[in-house]
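To start, the structure itself, in structure tokens.
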Amino acid sequence: MQDRVMEKAAALLESGVCTRVLGWKTGEFFYDVTPAVFTSAEEVRTQMVYNPFCGPNLSKYLIAESRKEGKIAVFLKPCDTFSFVQLQKEHRIARDKVYAVGVQCDGMIDMDSLKALGLRGVTAAREVGDNLIVSTLYGEKTVPRREALSLRCRVCKSKRLNDCDEIIGEQGGDLPSDRFAQVEALEAMTPEERFAFWRSELSKCIRCNACRNVCPACSCEKCVFDNPGSGVRNKAAADSFEENLFHIIRAFHVAGRCTDCGECSRVCPQGIPLHLLNRKLIKDMNQLYGPYQAGADFDSKPPMLAFTPEDPEASIITNGRDGQ
Amino acid sequence: MQRIGVFVCWCGSNIAATVDVEKVAQTLAQEPGVVYSTHYQYMCSQAGQEMIQNAIREHRLTGVVICSCSPRMHEATFRKTVEKAGLNPYLLEIANIREHCSWIHKDKLTATEKAVILGRAAIAKVQLNAPLTAGQSPVTKRALVIGGGIAGIQTALDIAEAGFPVDIVEKKPTIGGKMAQIDKTFPTLDCAACILTPKMVDASQNENIDIISYAQVEKVQGFVGSFSVTIRKKARYVDETKCTGCGLCTEKCPQKKVPNEFNLGLDNRRAIYIPFAQAVPKVAAIDPNYCTMLKSGKCGVCAKVCTAGAIDYKQQDQLITREYGAIVVATGFEPIRLDKFDEFAYSQSPDVVTSLEFERLMNAAGPTGGTLLRPSDGSHPHTLVFVQCVGSRCDGGEKGKSYCSKICCMYTAKHAMLIREKYPDTEVYVFYIDVRTPGKNFDEFYRRAVEEYGVHYIKGMVGKVTPQDGKLKVQASDLLGGRQLRIDADMVILAAAIEPDKTARPLATMLTASMDTNDFFTEAHPKLRPVESPTAGIFLSGACQGPKDIPETVAQASAAAAKVIGLLVKDSLTCSPCTAKPDELMCNGCSSCEKVCPYGAITYIDKPFRGPNRTTLIRRVAQVNPAVCQGCGACTVACPSGAMDLQGFSNQQIMAEVDAICR
Amino acid sequence: MKTWKLSELDSLFAAIAAAQKLYIPADAAGQPAFTLWTPGLSMTKALNTGRSAKDLFFPQVENLVNFKVSGRRIQVEPGREEVEDFVIFGVRACDCRSFDILDSVFLSDPVDTFYADRRSHATVMTLACSEPEETCFCTSLGIDPQAPAGDVSCWAMEDTLYLEANTEKGQALLSSLPQLGQGEKPQTDASVFHRLPLKDLDFSVFGEKPLMDWFNSPVWDSLSQSCLGCGSCTFVCPTCQCYDVEDFDGGATIRRFRCWDSCMYSDFTMMAHGTNRPTQKERFRQRFMHKLVYHPNNHAGQIGCVGCGRCLQKCPISMNIVKVAKALKEGKA
Amino acid sequence: MPVNETFKPTIVAFCCNWCSYAGADLSGTNRLQYPANVKIIRIPCSCRLNPMFILRAFQRGADGVILCGCHPGDCHYTTGNYYARRRMTLLFSLLDYMGIERGRTRVEWVSAAEGAKFAATMNDFTETIIKLGPNRRLEDLRCKTE
Amino acid sequence: MSDWTQRIQDISGVNPRKCMKCGKCTAACPAYDRMEYHPHQFVDMVQSGRVEELMASRGIYTCLSCFACVERCPRNVEPAHIIEAVRLAVIRQQGGNHMKPDQIPGLLEEDLPQQAITSALRKYSKGG
């Protein structure tokens, strides 16, 4: 796949289909890939990389890149294409300035998963069949590939490549996914347990804004939390309330727009499972207002911007769904 | 720094009995920004208002808080008061310490404490109030009436009479609508054509009225006072300016087998036709679905016989775009399709007809020349059965319409009477569930049908109609008599429910006018604003808003016209300044706000902004039209970036109130 | 050398905590962090904490002064928290070096009394490394991870913790623990440190060329192009020391506090006219120029980085000081 | 949980201008009593209520927040309360998910004619909040008066 | 509301109050002549609590369950379901079963559709 992606990138530049290519660049190690724009086939051949560590979702970069002169080609994994479509729905990307190449994805591997397997000082990894052979400072170790998958990829919702001009590999479809299992587990807890869970998680927040800045749905010109005029601006959570406030409002602002790409949890330096907030709202919206997947198409109306006269009342929450 | 004045009203003893007004005034005087605080017996009195005005001048107040009754009571009064003293009327806030405090609490201490907090919230809000100026938007002095039935004609005539130009858009080749198809009208039994056609002629001759027939609205832009409407005028293949309406072509056209829609398919017309003799405009039209010339290029008879040279086979659809200040919807109704009512054998026997078909069968200009003949064999019918509520008053959904169609009881009485009058040898049965006759002279009319004309009114329904041996076997129940009836009828006439015209739904979308679940247009208020749509500048006339008979339709048509005239006489409209306002620097152009706006007040433009390092960025940003925005605030919450705010109820203002209350 | 049985670390912690507060690196909701020791709390298995040890001297949010409001009266009250003596155990050599860098900023004139207060009340117990991560490069910055500084240096070897006091404060702490044993520390094995992939980074080049050469390097454009502008690197960095001073109006009390700021933020040092670093390129450049060039220029060649590797692990797009330093040196990204 | 007799909760009621604020006025006109803890903030429509305002109220010391608007189908602006209903349902669900007590927030539709319902609602809501006790899970200690 | 009315409602799932007394059910009923009470009257009697009279009537057994009334009713009142419920109420009140499963083999005939037997069993035996 690596070769096909790089060949395609070089060919697109050489044939003049695009003037720039947005992809991933090699790093110090095999895993620390950085999103980058390449302008020549030469650059592509020497620096571009496509491997199972290319987790970062490139869609959001297109907001700025599609405003520039010339056409940019971009490589998108299935989950990235949902963000790509959603951003177009919000008029944030100029589609005619983008050449989208969808890349079949078998799930991305992530260092957090390797570390969770107890691996330390990881210096290299290669895929052999269904296994991953990992070299570390302390010797070589073989782990099953599926155990090295990033958490979000283990509950992948769809392998479908949306709105691509071209596809490398095979087009996929929606998958049965038990991505709401964790949400359900939390729902099954008592309010006290849930409160304790979220306090312990959110109290880790350092308000680095990585979740917000990486989020394709958080594409505001200026976030309300950065805007002194909004009345809620704050730079650091000076009280536990502000830890809650930031994450509640953020979840709410992306409700119906979040494609569940999982970038927020991937980038959190403090390991907070932020996707569980967004997924809760996705689950609620699906249940209360009918199935909806942000970024799956261009026509459907986001549930927060729609209604039916028969919608359930808020009392189903405040009175308790289970009649508590 | 703000200079705020606080005025606490006693409202006689209404407030003062439970709230220590003096203490409230004293406590609020300590609030930051307050430079003057006082109390008085009746703030709304002449003396009280003068007190406020003097304080504004003497203390150079920048904001006024009045602690008194509900703002719903006197906000307008006090706004005028402060405006007269030179203060912007929107620099006023009212703390409701009567309805929300003194009247609901008995304990003076508690009530006083609460009054102070409510006052504090108002002070906190007024600190952030900005002077607002009501905007003005110009009014295009021309109205559009969509639909050329009696409702549309009446509305247009009334508007035109008042001196304003008005266009009627009619989808058929002639105006006239359903009323043109009706024979006689209840409760007077005068001829429908005799009262309608003069109005049609009036409309065509009125200098202020432009009839755009055979046309449909294609696009609506703009807002109250300045709509821009694109109308598609369909090709009729006849030059309207040349055609004299002589009708020669319609006699010579060799294509004779075209179902005549004016007679509901009970007879045929030619491929080139004039819908009926009194059509306005009296201009022929070619039906492209049947014209041999248009379909195969062979024929051209009509062009040969036309002495005026009006035939133009190459005519194209024409798009007309015009500006209007107001739009009246008069799209009317249609009888429902009866395919779901097999039991009445409508699709099995030509002798089972709808009431509207029956109108044509009784009409002197109809297919039978006004002689009542059975459609199947042209014989004279002796026994006629009327069935009421066919598809009306059902349980909704599959069964039929949930509403009462309102007009059927009366027109059925009319039909029954007309038959009995003209053909005394007939037996006429009317099967009814209820007979509903509220209306001037309506019940008297119905009673005449029973008492003078001997119509058999039977409480009960028809269960089944079976065509057999040239008769219609009607099985029905007489509930009051407690017997099952089996009648061998010659004709069965069904009072089909009526529903809004099919074109209404897409039109409502274009107009951003709301509809109910039955596709009737919703009125702005069911009682107090029955002829206006909630969308400003859109008015409702006739059955598009709900089932109506002719007198009601005409009344509503004139009412809508009066509303339109009231709008068009203004040179400009004053809009409430409490509207949404986007901060372009924050706006992402994501369209969330636009999607929740019930008024279509939000549009987007691409606008250049200064980027970093002397660059220019083109960004899509929201624009709110203050003339259309009604200030609900739905957009402000839909906006994730907080770019959209509501003037007069801004985020900061509401949060300041929250802070003050929770402090 | 003093000794303690590793299997009985708990009782050592208890002994220290009997006299003063003790912070140890422990897992909190799955994330290793310096945590106030309470009975039962055990050390993390991770090499280092997610956030650095600087938090204990320079917390993310710190109250400075309070204004009490009643009606139109405002009363100013100090908002400073009383600092008591405390001990930090398990500081790695890299983080320990970061204190020197922070000291050079906060303790030079004018002295930051809030920081100084905490520093003076703290006893730092470091812990030598034996199992580095691939992202570690402190050795490139002249730090010996097997011989950490601090008031007390510790080594965990086999079943024993070896402790050595380096300062009077350290001495005082150890002598307050009469239960300590005595023993000889075995030889440490440095072989793994020689295998570290980033052991040969060269930071000396940044002193060799004029400042403006680095500033005007063509590599900044491509290095910064994918930076998200988040503050992860600055907030996990043990040497980042920028803060902002803000007011919070809580109704009855207005609090003036300082909180960490990040030069990566678009509103960093925002002024009435706007910001003087209008794009992410300038902000990105500022951060790395500060670490690699400005700080050493102002502080006798001391590089503003300790090689802890946190930014390598935490950056959402894997851009970090190692990549920047290499690219600058090579003159191409 | 024992009911705290001395606990005087702060309750913020956001009322839409057209129905519920008028309903509250009517309840005053009819001299129907409800606790003084309830303070009303007038907003043009229930759809104006930003979730931020609710959180703000809790931050500043509210123990309960209630939104009142026109009955579904009766919105002065035709559709506002439908949006408000979805927003509040999801917000309340999220708060519940985070362990905040369910009863602290509520939506109630009160028409301009339902003065009695307004008073009854406020009485009932206040009672619920008193039972729940002071808001501890969404408080901001900096806003507490010592 | 009388107990009987409620019980019939519960069994049939039909709300007789939806009836607008149009009589279309009766007009459509093929068994009219053999009935003492007619479909619209069933509905009315249930609504007004005259269920016992209805239960005592033979007319309820002349209903063919042809469902013409259900089909024709504009209000979805479903008189046939009401009648069915009254018949069930009679059976339940008597306590006995008019038909038992062991009778079935004897009833099996080639000409008789099995469905009729199943339906009869359901109708004439006391439900669980």
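A few comments on the model shown:
The letters A, B, C, D and E name the chains in turn, as written, and every chain counts its residues from 1.
In this text, a contact is a pair of C-beta atoms (placed from the backbone, for glycine too) under 8 Å apart; a residue touches a chain by one contact, two chains touch by 3 or more.
If you're wondering where the values come from, they're calculated on a predicted model, not measured in any experiment.
Think of each touching pair as a link: the shortest run of links from chain C to chain D has 1 of them.
Among the remaining chains, those touching chain A as well as chain D are B, C. Counting steps between touching chains, the shortest path from chain C to chain E takes 2. Between B-D and A-B, more contacting C-beta pairs join the chains of B-D.
The greatest centre-to-centre distance from chain E, using averaged C-alpha positions, is reached by C. We define each chain's centre as the mean of its Cα atoms; on that basis chain A and chain C are separated by 30 Å.
One simple way to say how far apart two chains are is to compare their mean CA positions; for chain D and chain E this gives 50 Å. If you average the CA atoms of chain B and of chain C, the two centres end up 69 Å from each other. Inter-chain centre distance (chain B to chain E, centres taken as mean C-alpha positions): 47 Å.
Residues of chain B in contact with at least two other chains: 596, 638, 651, 655, 659, 662-663.
Not a single residue position of chain E touches two or more of the other chains. Chain C has residues 248, 251-252, 255 in contact with two or more other chains.
Checking each pair of chains for touch leaves A-B, A-C, A-D, B-C, B-D, B-E, C-D. Across the complex, chain B meets chain A through its residues 583, 585-592, 595-596, 604, 617-620, 638, 640-643, 651-652, 655. In the complex of the two chains, the chain B residues touching chain E come out as 343, 389, 393-395, 399-400, 433-434, 459-464, 475-477, 479, 484. The touching residues of chain E, counted against chain B in their complex, run 18, 20-29, 32-33, 38, 40, 68, 72-76.
Those residues of chain A whose C-beta lies close enough to touch chain C in the complex are 27-29, 31-37, 56, 61, 111, 120-123, 136-138, 200-201, 203-204, 206-210, 212-214, 226, 234-238, 263, 266-267, 269-271. Residue ranges of chain D in contact with chain A, taken from their complex: 51-52, 55-56, 58-59, 72-73, 79, 82-83, 85-103, 105-107, 137-142.
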